[in-house]
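The following pair of complexes shares a single chain, subunit A, combined with subunit B in the former and subunit C in the latter.
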Partner chain A sequence: MAEEEFTDINGNSISLECHTHSSFCKEFTVTSPKLSLRRVMVITCCVWLFAYAVFFFTANTAVLSSAIILTLVGMMVHIHFVKVDHETLLVIGSLGVQLSSSYASGRESTTFIEMSKLKDIVINEAIYMQSIIYYLCILIKDPVDSEKVSSVVPLFQSSKPRLNCLVEVYRSCQEILTESR
Partner chain B sequence: EALPFRLQLKIRRSEMQVNSPSPVPERAIYGFVLFLAAQLGFFLYLLWAVVPDVWLHWVGLTYWPQKYWALAGPVYLLVCLVVCFVLLFGVNMINTAPLASLHNISDAFSRSQRVDEDHAAVIPRLRDLSISEINQKFYLTQTHS
Partner chain C sequence: MVLKIFFPQCCNTADSGLLVGRWIPGQNSAVVLAVVHYPFIPGQVKKYLIEIQSQTQVDLTVLGSWSMPKEGQEEMDSFLKDLSTIFPQRCWLQLSREIGKRGFACKVVQNKEKPLRCTEQKNGIDSSDEDKIVLVHYDQRKVMLSQLHPVQEVNQAEPEPSELRLVFQTVAQTQPLFFLDKYDDGPLKLTHWQSEGREGSIIAELLKQASGPVCTVLMWFLSLWLWFCSFRIFHVRPVVFISSKLSTCVQSGYRADHFKIVFSSKKAAIHMDFMRKANILVSFLVDIGLGLLLISWLYRENRISKLAETLVPVADELLEWLMGAPAGLKMNKALDQVLGRFFLYHIHLWISYIHLMSPFIERILWYVGLSASLGLTFALSVLSDIVALLTFHIYCFYVYGARLYCMKIYGLSSLWRLFRGKKWNVLRQRVDSCSYDLDQLFIGTLLFTILLFLLPTTALYYLVFTLLRLVVVLFQGVIHLSVDLINSFPLFAMGLRICRPYRLAGTALHLMMEINPLKCSSVLACYRTPTFSCYPKDSWVALCKKLFVGELIYPWKQKTAKTD
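So, the complex of A and B:
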């Protein structure tokens, strides 16, 4: 079980934990930085100051209460649906691959891909916003023609690690995948 | 039958000259005519914007747009230009394939390419390599880092 510090594409520090359960089972967990309290307070203060300024000019108290409700609901939605705490990739040779994202509120969303559907796990480069990034992805086989790729599942989407982290995960995965083919 | 070498060169050069961006007398004439027409158009626009309606009616020119458009037209055009810049950026971002799209891995040409048998003494056909192969070469061998 090794834990290392890396950075993501925006420069924030993330950590990768590699857990080798056995020779054909490995688990990789990428942990994103936690929700920053300072940032939450700054955003809340800005929203409330703006609402107070609007109230000062319009003298309508509904502005203040709606700003409070908006901040609370926005924070809950962000924690439950947007902010990812850690993402896990569990590779079990000859059985399949499990991807799971755990959100800041504790919610977990899991996907399982069978080994017979999985063609390969590769590092691909693609245009994302205004730059080109490396990302790890799973190539899914076409059910009809096993040489063709029918779809692509990108991994570690919320934490977006850089190439050095991806190469480590790729090398470990390939050890298991070459044995299980 | 092969044409004599000098004739081949002349044909190739004349074919190439059609597409070159070099300054040529015809282009200078077109440019100057365009410049004169633009100056004339601007002068006429100023005339229409400044001359009172009464004088225009007295000469006989009655069916012109309202004077409001002398100011509104240029403003609309400039706002349109700014929106076009923003829209172009947006259209580019919409057309970029998302990370989960198959277009980042292969496209119609790479799927339908011909793979010839491997002959020893022959240079192989130019083709797209599969991404698994490229990944193994780059990331599994220790020479690249």
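So, the complex of A and C:
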């Protein structure tokens, strides 16, 4: 188990855990910063103040109740579908790779990619908004022509760690992949 | 290389015995299907395996031995070692487990008597020498019932199917192996997912037996209907033309096609055929259910007569509204009068026709409403046809107005070119300069002025009729889309995804193998019954251009060939 201080592309601090189950099986977990209470309070207060102002002018109580319902529903949707708590990459030599994202409400969504479909794991550059970032991705072989790459699966999309974190994960993955080929 | 062993969860607590399963070719992995217990006679084990092999075409072998010794059974170890000589294999697995401990221990003995140590599954991490072993636990019943997506067609099989696909196929194909349970009095005792007793449901068995004769009866009815439709009178040109325009006839044609698929007596060979049949059957039953619901709502409280009464005044109001429309534009009086009276006359004809029919409308609606018992799609198609027939005059007006406007625009553009001294060169498809005579210029300019100042009037009439026509087309389009949706939505596959998610597997694995169900959007994309409608060929830009110039716009056509 190894934990170090890393940051994501926006400067927020994240943490990386490497769990070595055996010589050919490793698990990497990147944990994003948790939901900030201050931000939640600020947004809720703004929405409610606005609703109160509208109520002041229109004297319609439906505005207040709809603001409350909207905040509740929005919070539930955000926790269940948007806010990712941690992302895991499990590499098992000669069996496959499993990616899993765990959301703040506890929901987990996993994908498994077999070793026969996986061409390589590489670090790629991309233009994201106004900056250029590095990201780790899995290259999937084309079923027809095994030299071509048919699609690219980016990893750690919600946490977006910086290059130093990616390099660590990359090195460990390559050790396992070269052995298993 | 890593050796992978897929081990069923139901055998975690089985008594000691032999492991029966299959080596996956070319992958260095093995699937364990069942455990054969003591006491057994090796000859009978071999005979049973050969029997199952001939039934399922899967090459089963004895993979190794499994020992979970209870108290007083420690001498099993040496016995187990001797077994490897009785069943000669390239590789002999020796899995063992002690009661109370979670981990397994396993050894692999190669033919050349060189025992290799091994590594462990989830908890224990052993030091490993040359070879490593991964044990994957799977739920046998779920893997047997599920289908790995993307589904491969039979003739398109990959040259090297992936390992997981082979595992799923192996377990699914060896169903006869799971028929022996612990209550059978045979010479062999097996442990697998069904060894506590065979599962079965009386209702399912009865339905399976009954479905054969029911299908033959329904096929006979269907062939009767098809024979009726093949009469010569239905193939005369006008009848064919009308029936291709009426959506009721089209919908009944699709349903006949669907029935042919569902009620054919051939069993579905591959997974996609089975799903298609099931989807069509389920959506047909839901369709009839919704239709009956609609009937029960419509026929209460005399709604039919109320509907009939609202139809007639609507047509009158339409007439009044149309003629009072100017929207502030100064219209040319003479042209306005001519066009106005022309259209008014048509509308009066139509109104008198409706007034003539009004005593019969209620009766007709009552009988037509009964057709909803054939399904909601039928009722919607009938509604679409009724709307088309009732708004036929709007269609005619749209055609008149559009043709007039189109001619005016073309005339205007050509005369505008003349006004500037240019001409359209048809040969070269471009605008060239041309010297006109004085009288040509004079008449041309005069006509140009006349057409230009009459433009607002014609444009207004065109606008009004086009908007009305578009409203009708939109309404019909919405009805067709919903009919299409009901026809093609794969309800069975969706229900399967919600209630039994493991049957439609996405990609599996969690070292403790759990089946990851397919995403709902993939279910929809994979199992959609092919639809018959096509989407408009023009983009929005082309549509606007056509509207501006005055070219006729046709509603979405139904294609005769199936498209997905």
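FYI, the second predicted complex is superposed on the first by the 181 of 181 C-alpha atoms of A that agree within 3 Å, B and C clash if a C-alpha of one lies under 4 Å from a C-alpha of the other, contacts with A are read in each partner's own complex, and residues count from 1 in each chain.
One rule holds in what follows: a residue touches a chain if its C-beta (ideal position, glycine included) is under 8 Å from a C-beta of that chain, and two chains touch if they have at least 3 such contacts.
As the structure is a computational prediction, the values presented were derived from the model and not from experiment.
Using the contact criterion defined above for the overlaid structures, shared-chain residue A:Arg107 touches neither subunit B nor subunit C, since it reaches no partner. Contact with subunit C, but none with subunit B, is seen for A:Leu95 once the two complexes are overlaid on the shared chain. Contacts of A:Val149 after superposition: subunit B is touched, whereas subunit C is not reached. By the touch criterion defined above, A:Phe24 lies against subunit C but remains apart from subunit B after alignment on the C-alpha atoms of chain A.
In the superposed model, A:Ser180 makes contact with subunit C only, not with subunit B.
When the two structures are aligned on the shared chain, A:Ser116 is found in touch with subunit C, with no touch to subunit B. In the superposition on chain A, A:His80 contacts neither subunit B nor subunit C.
Looking at the complex, you find that subunit B touches subunit A at residues 93, 96-97, 99-102, 104-106, 111, 131-132, 135-136, 138-140.
By the touch rule above, subunit A contacts subunit C in their complex via residues 21-25, 90, 92-96, 98, 110-114, 116-117, 143, 180. Those residues of subunit C lying in contact with subunit A across their complex are 1-2, 4, 28, 119-120, 122, 125, 128, 132, 134, 136, 158, 160, 162-164, 506-511, 516. Interface residues of subunit A, counted against subunit B in their complex, comprise 119-120, 122-124, 126-129, 135, 137, 139, 148-154, 157, 167, 170-171, 174.
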